[in-house]
Every structure is written in structure tokens, then in C-alpha cells.
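One chain, subunit A, links the two complexes that follow: it is found with subunit B in the first and with subunit C in the second.
This part shows the complex of A and B:
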């Protein structure tokens, strides 16, 4: 499906269609829209109650958030390497890079669970206040997207390991990679918005 | 008609249209009672007319869904129906149960009906849309299970297509969520909470899957577009429906005593619910524009396109209108809700059933399409019914806006009944539009009785 519009020798490929299956882009835009509305709602709610938001924000762990940001960006890098590998036809290498990305996804989930454990054990719920409502729902929704992304990557990894992709035909790898980058992108917006900006 | 057993769809369609007529007549009675309150009192009080109007709607749509499944599943699975006899038996069980229920509503006071039918054994009655007596509810479950068994077995022994799988998922969901109608906790918040699991998760969840599958089936047949293309659309629409619709249930949880976060969840997710409906519109037009053949059944094509447009307007746009919590704070339970209800039910579930009936009925009667004159009549019916629903919706929206302004805004709001007096003019206009709808429906029924000697008609 990839059509090179520029000089094929050019280092930069210009895609006529987005990489991966077109259907995943419908999902990606829908997901971005849902999160986007939630982010806008957060901004709206915060503008009406800045003191409460700033006070509650102080109780979040920026360190674990920052570590998790690095973890997800690193895992996205691994996914990039996986796509580069399959474009040269290296199935096993591709599968290993994806495996590493899944591993980093798991590290993200572990750190996040630790954070949730702290919050829940100090009695914080969705009804504590509006800030925590946003904090918990946005991070839990994102948490579930990380799990979904890992499942998609796992399916891609298993197929790559069986030699299901090749240098010519690797739409599936790009599809999974696109979704994973979206999961990463959402966190890159979510982290500064909820944890840092005040 | 490729398979003999598809013929069982016919009585279901006929019953559906008959009950549709009943629904409209009771709608007209009720619309008149809005302005002349004691009309037909005490024989048919407003609350009874309302119950009959809404219950008939649900029952005839279910008849339509079942008939459509009996027509669609054998053709998709490329095999005869597992048991046509069972389908016939369930038809009579459902029809008799439905008829007895309506007779019960009309002949005895509701409280008497409740004590006659064992509501003290398991209290399930008295809740909007789920007013059916216990035996009827049990009957619905039995009919649904036998029906699902029948079509699931058919799919299992035949070809499995995306359309039949999505349809099965929708129909199983329909049956499963109906079970919540038996759960009636004495805590009013919990009662309402789970009541919506039937009501919302039907119309804004699993029914949309049924709608998508039926529309996709008819579009494949009339446009000849590749199944792969249509199936990919179907999957995206279904995914969007479930992503938005399930948590979108929250837009009913704003003011019933549930935690406040539902105002955010409900607003955000239900605000996205128009997306799958918009995709359905684009889907229908896109497929018809890419058609590979000119199907002689022009009327069915019109209904399919109409479903795409009207479901988006009614369910999508009119739903969005009052779905955000800060807006709903004022509009809740006003005529805005009634406006949305009318156009959404007509645009989505009435029209998709009529699309299917329009496509399948000629086939069931041994021709690929009705005669030209019959189709012209049907298209007149389409426009009359559709335009009058648009008018009903606009009049009720105007009534709703005025009602909110008078009754819910300002420092000295009017009482409910005083506000009602001020919006009578819109109720008259709505009743008149309803009469036009009835004319459309009569023409629609008439179109079935045309001689089809000009045969195979629109060449």
C-alpha cells in the first residue's frame, strides 16, 4: 500500500496513505478525539477551581510519572526498530524488538499499579474531588489502552516469529506500531497536563 | 428468495406492520389527549395509551428484527434454517402473548393486571417501557432463547460471515440485557441504574449492531459492492458504537442519585455517540454511489439511504442536543426528550426494519421487486412518513424550548401545567403531523396490495 511519491532514493518516504491498515487510523482518531475531549474538559474544570487542582496535584508522584514517560518513549523506540527490522526482512529481530517494547509496557504498568496502590490505600476514589476524578479516570483509561496496545503488539510478535511478515508485506507490524505510538503520545500529553502544569 | 425456509420471515413482517399501525393509532389518541385531556376518558386514559404506544413499538420492532434474521441468516449462512417449525411456533407464541398483554392493558386497571399476573411473586411491573406482566416477560425470554437457538444453529451449520456474526452478537445482547428487566431492587437509585441496562444498552448498544448488520446485508444485495469493503465498514462502525455507547449509558445517570463523576463520563462518551451514526450515513451513501448494479428495487434503496440520514439526525444530532450534563440539567424530561425519542426510533429502528421489509417482501412473494406503481406508492409513503416525523420532531423541539424557558429558567418559573397551556399550539401542530404520518402508513400498507401484473416491474 505504500506509494513513494518523492524520488525513491530520497531518505524520507512520503506516504500517500498512512502506514498500517487504514482501519486502525479510524480507531486512532476516535481514541484521540475521546481523550482530547477529556483533556479539554479537564482544562475547563480546572479553570473553575484552580486552587483545588493545584493543591491535589501536589500529592501526585512526578518522579514515577517522569520515569514512566521515559519507559514509554523507550518502548516506542523499540517499536520503531521493529518496523525498521521487518522492512529489511529480519523477522526474528522484529519479533525481539517488539518483545522488548512489550516488556517496557509491563514496566509502565507495574510502576503505575504501584502509584494506584498508594492512592487507593490513602482512601482516594473517583468521588474524592474533581481533580482526582480526572486523575483516576484519565490514568485508568490510559492504563487499559496500554494493556490493549500490549495485546496488539503480542499478536504481531507471535505472527512475526512464525515468519508471517516480510520486507514486502508488513502492514500488520505498522498497524500495531501506529497504535502503540498513539498510546505513547497520549501519555506524553497526559503526564505534563495532570502531573506537572500548575 | 434462495432458501425455502426464509419464508417464515413473512408472517413476522406482516405482524410487525399490523402492530406498527396499532402503535400509530394509539400515538394519535395520545397526541389528541395532550390537548383535549379527557378524550376517551375513562376508557383509555393517557397513561394506558402511552403504555400501548411504546410497548407496541418495542414488540413490532422485535417482530421486525426476528423476521429480518429469519430472512437474512439462511442467505448468509447458505443453508436452510435449522427449524422453520420452531420459528412458526414462536411466531404464534409471541403474537398471542403480545396481543393478550395489550388486551390486558386496555381492559383491566394496571394494578389489577399486576395482581392477576403474579407481580407479587416477582415484582417487575410499573417501570416505563418494561410494564409487561411477568408471564409476558417470561414469554419474551422463551421466544428470544428459542429464536436465538434456531438462528445460532443455522449459522453454526453454515457459512459464517461478518454480517451474521454481528447480527448474532446484537441479538444475543438484546436477550441478555432484557434479563435486567427482572431485577427490580427496592433502592430506587439501583432500580433506575439497572433499568437503563435494558433500555439504553438496547437502543444505544446492541440494537445498533443489529441495525448495522441489517443495513450492510441490504446494501450488499442492492449495490453489489464487494463484501470485504462493506464488512470493514461494519466492523469500524460496530467498534465505535461499543466504545461510545457502553460508557455513554452514563448520560442517564446525571440526576438519579449516582456519583457525580457520571456527569463527566456520560457527557464525554455520549457526545461521541453521533460518530458511529454519521459513519452509517457516509457508509450508506458511499456504497450506493459505488454500486456495481442497478437493482430494480428502488424503494429499498431509498429506505436504506433514509435510514442512514434519519438515524444520524434523530439519534445523533437530536441526542447530542441534550446529552451534555450542563444542558441536560435544564432539558431533562421535557419535550426535547420526546422530540429525540420520536426521530431516533423512527430514523434508526423503524426505518431499518422497513428497509429490510422493502427488500425482502417482494422476494418472499416471488419477484425481485414490486411493480413500478407499487414502488411509487411506497416512495410516497416514505416521504410522507419521513417528513411528518421531521415535523413532529421540530414541533416538539419548539415546544420543549418554550417549556424549558417558561418552566425552568428565570427567578419565577411557571408551574408545569401552566407551561403546558402555553405550548398547546405545538401539540396541535404535532397531532396534525401525526395524521399525515398515518396517511403515509396507510399508503405504505396499500402498496402491498397492488397487482403486480406489470411484473418484475422496474426492469
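This part shows the complex of A and C:
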């Protein structure tokens, strides 16, 4: 699966393809493209409704958004440790790190659900105004990606627990890890864009 | 300390910085560019160290970096054309 290319500039190994199954990377790039268009659309929509966007943004819980950023980054870090563990051949350790990452994913979902509940119970919907249309659809879209990422990680964890990966063969772990990092990466742009910049 | 642990700590600190800027209610061109700049650095950290793209061909890093520059560039343009 992994092809090494000689890099004359350094002694480090340079891989021809990114970690994990190449197919997941095409999926990741498609997701980045979709979210990228969504992010830019938000910014340009705001340009036409600055007062509305700035006023509505004041009603978001920046603290929840920031805590969720810390939660996802930490979850991503756990996945990095899971990959490092399986590269050493430690299946159980790998499964435990992934379990921790899934747990933090669940914390993210809980905090975000609490935020959604607050908005929905005060009568805010997609049709309240343009800001909330973007806020709700972007964050719900991202929320679904968190769920998908957790399902992928759960499958990887179960296989790791059964000893299905090894130091030599752990493409599946890297595939799940890459997807999970993308979910984190998107939130890293989403948080400042929607919760902070005005 | 593992490099990835250092990256994780840096990401946490940069997140707190972004949050502090938001809590201070700061706005304007310089603040917008700073917050976007922090996001660019964080995404590059995740892509290079967490996704481990630093050990892959330039093509893969280039796709992510190109996407990042394009998206944050468009966001910056949208804000620059409206901030007075």
C-alpha cells in the first residue's frame, strides 16, 4: 500500500500517498470543498447583512463553541496517539485511545445538542433569518459528520480490540484517523468564522 | 515530550487566544485578519502533524494548503469589502 519515494533533500521518509486508504482522501477533499463553499457563502451573505449577522452572533454561546473546539482538538490528539500505539503493535492501547476519542466526540455532541436545544426552544428555526439559516445548517451538517466519524472510529476500535490490526497492517486505523482529523479541521475554521469574527 | 503533544498544547493555547479575542469584543480589520491567521496556523498544524501530511508528497499538502488559502482568502475578501 505504501510506496516510498527517495527524497534527496532529507533523510525522512516521504510517502507517495497520505495515511490510510486513498479513497478516504478523495472523500475528505470532497468534504473540504463542500464546507469551503459553505464557509465562503456565509462570509459573502454576511457582507449583505452585516448588522443582522453581528447582532445574531451576539446570541450564540461563544463559550460552548470554544469548549467544543478544545474537545474536538483533544479527541483528534487521542486518535494521533491511537495511530502511534498501533504502529508499535499495541492493539489494546490503540483501542483505548480510540475509545477516549469517541467519548470526547460524544461530549462535543452533548454540548452542541444543548446549544441547539436552547435555540430551538426559543423558537429559532432555519427560517428565522439568514444568519440562523447559515448557523443551523452549517453546524447541523458538521454535527452529522461528527456522528459519521464516531461510527467509523467505533468500527476501528472494535477491530483493534479483536487484534485486527498490527504494526505492519494498520491502514484501517489511519483511514478512520484521517477522517476524524478532517472533522476537527473543519470546526477549527467554523468556530472563529461563526462565533468570533464580526 | 512527543511532537504531537506539543502540537496539541499549541492548538489549545491558540483556541484560548481566539476565544479571548471574541470575549473582549474586539473587531475590525486587524482583529479579523489575526483570528483568520490563527485558524490558518491551526489547520496547518492539524494537517501536517495530526494527519501526518508532512511525510507525504507535496501534492497532498498542496491540496490542503491550496484549499485553506482559497477559503480563508475568500472569507477575508468578504470581510475586507465591508469593514469600514
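Observations, loosely collected:
We take it that the second predicted complex is superposed on the first by the 187 of 198 C-alpha atoms of A that agree within 3 Å, B and C clash if a C-alpha of one lies under 4 Å from a C-alpha of the other, contacts with A are read in each partner's own complex, and residues count from 1 in each chain.
We take it that a contact is a pair of C-beta atoms (placed from the backbone, for glycine too) under 8 Å apart; a residue touches a chain by one contact, two chains touch by 3 or more.
In this text the structure is predicted, and so the values were computed from the model without any measurement.
Contact with subunit B, but none with subunit C, is seen for A:126 once the two complexes are overlaid on the shared chain. When the shared chain is aligned, no partner comes close enough to touch A:148: not subunit B, not subunit C. Touch criterion met: A:25 reaches subunit C, while subunit B stays clear of it.
In the superposed model, A:137 lies in contact with subunit B only, and not with subunit C. Subunit A has more of its residues touched by C than by the other of subunit B and subunit C. In the superposition on chain A, A:33 makes contact with both subunit B and subunit C. Applying the stated contact rule after C-alpha superposition, one finds that A:52 touches neither subunit B nor subunit C. Once both structures are placed on chain A, subunit A residues 33 are touched by subunit B and, in the other complex, by subunit C. Contact residues on subunit B toward subunit A in their complex (touch as defined above): 232, 235-236, 239-240, 243-244, 259-261, 264-265, 267-269, 271-272, 275. Subunit C contributes residues 2, 4-5, 7-8, 11-12, 15-16, 18-19, 21-23, 27, 31-32, 35-36, 38-39, 42-43, 46-47, 49-53, 55-57, 60, 63-64, 67, 70-72, 74-75, 78-79, 81-82 to its touches with subunit A in the complex.
Across the interface of their complex, subunit B is touched by residues 23, 26-27, 30, 33-34, 37-38, 41, 126-127, 133-134, 137 of subunit A. Against subunit C, in their complex, subunit A makes its touches with residues 5, 12-19, 25, 29, 32-33, 36, 39-40, 43-44, 46-47, 50, 62-63, 66, 69-70, 73-74, 76-77, 79-81, 83-84, 177-178, 181-182, 184-185, 188-189, 191-193, 195-198.
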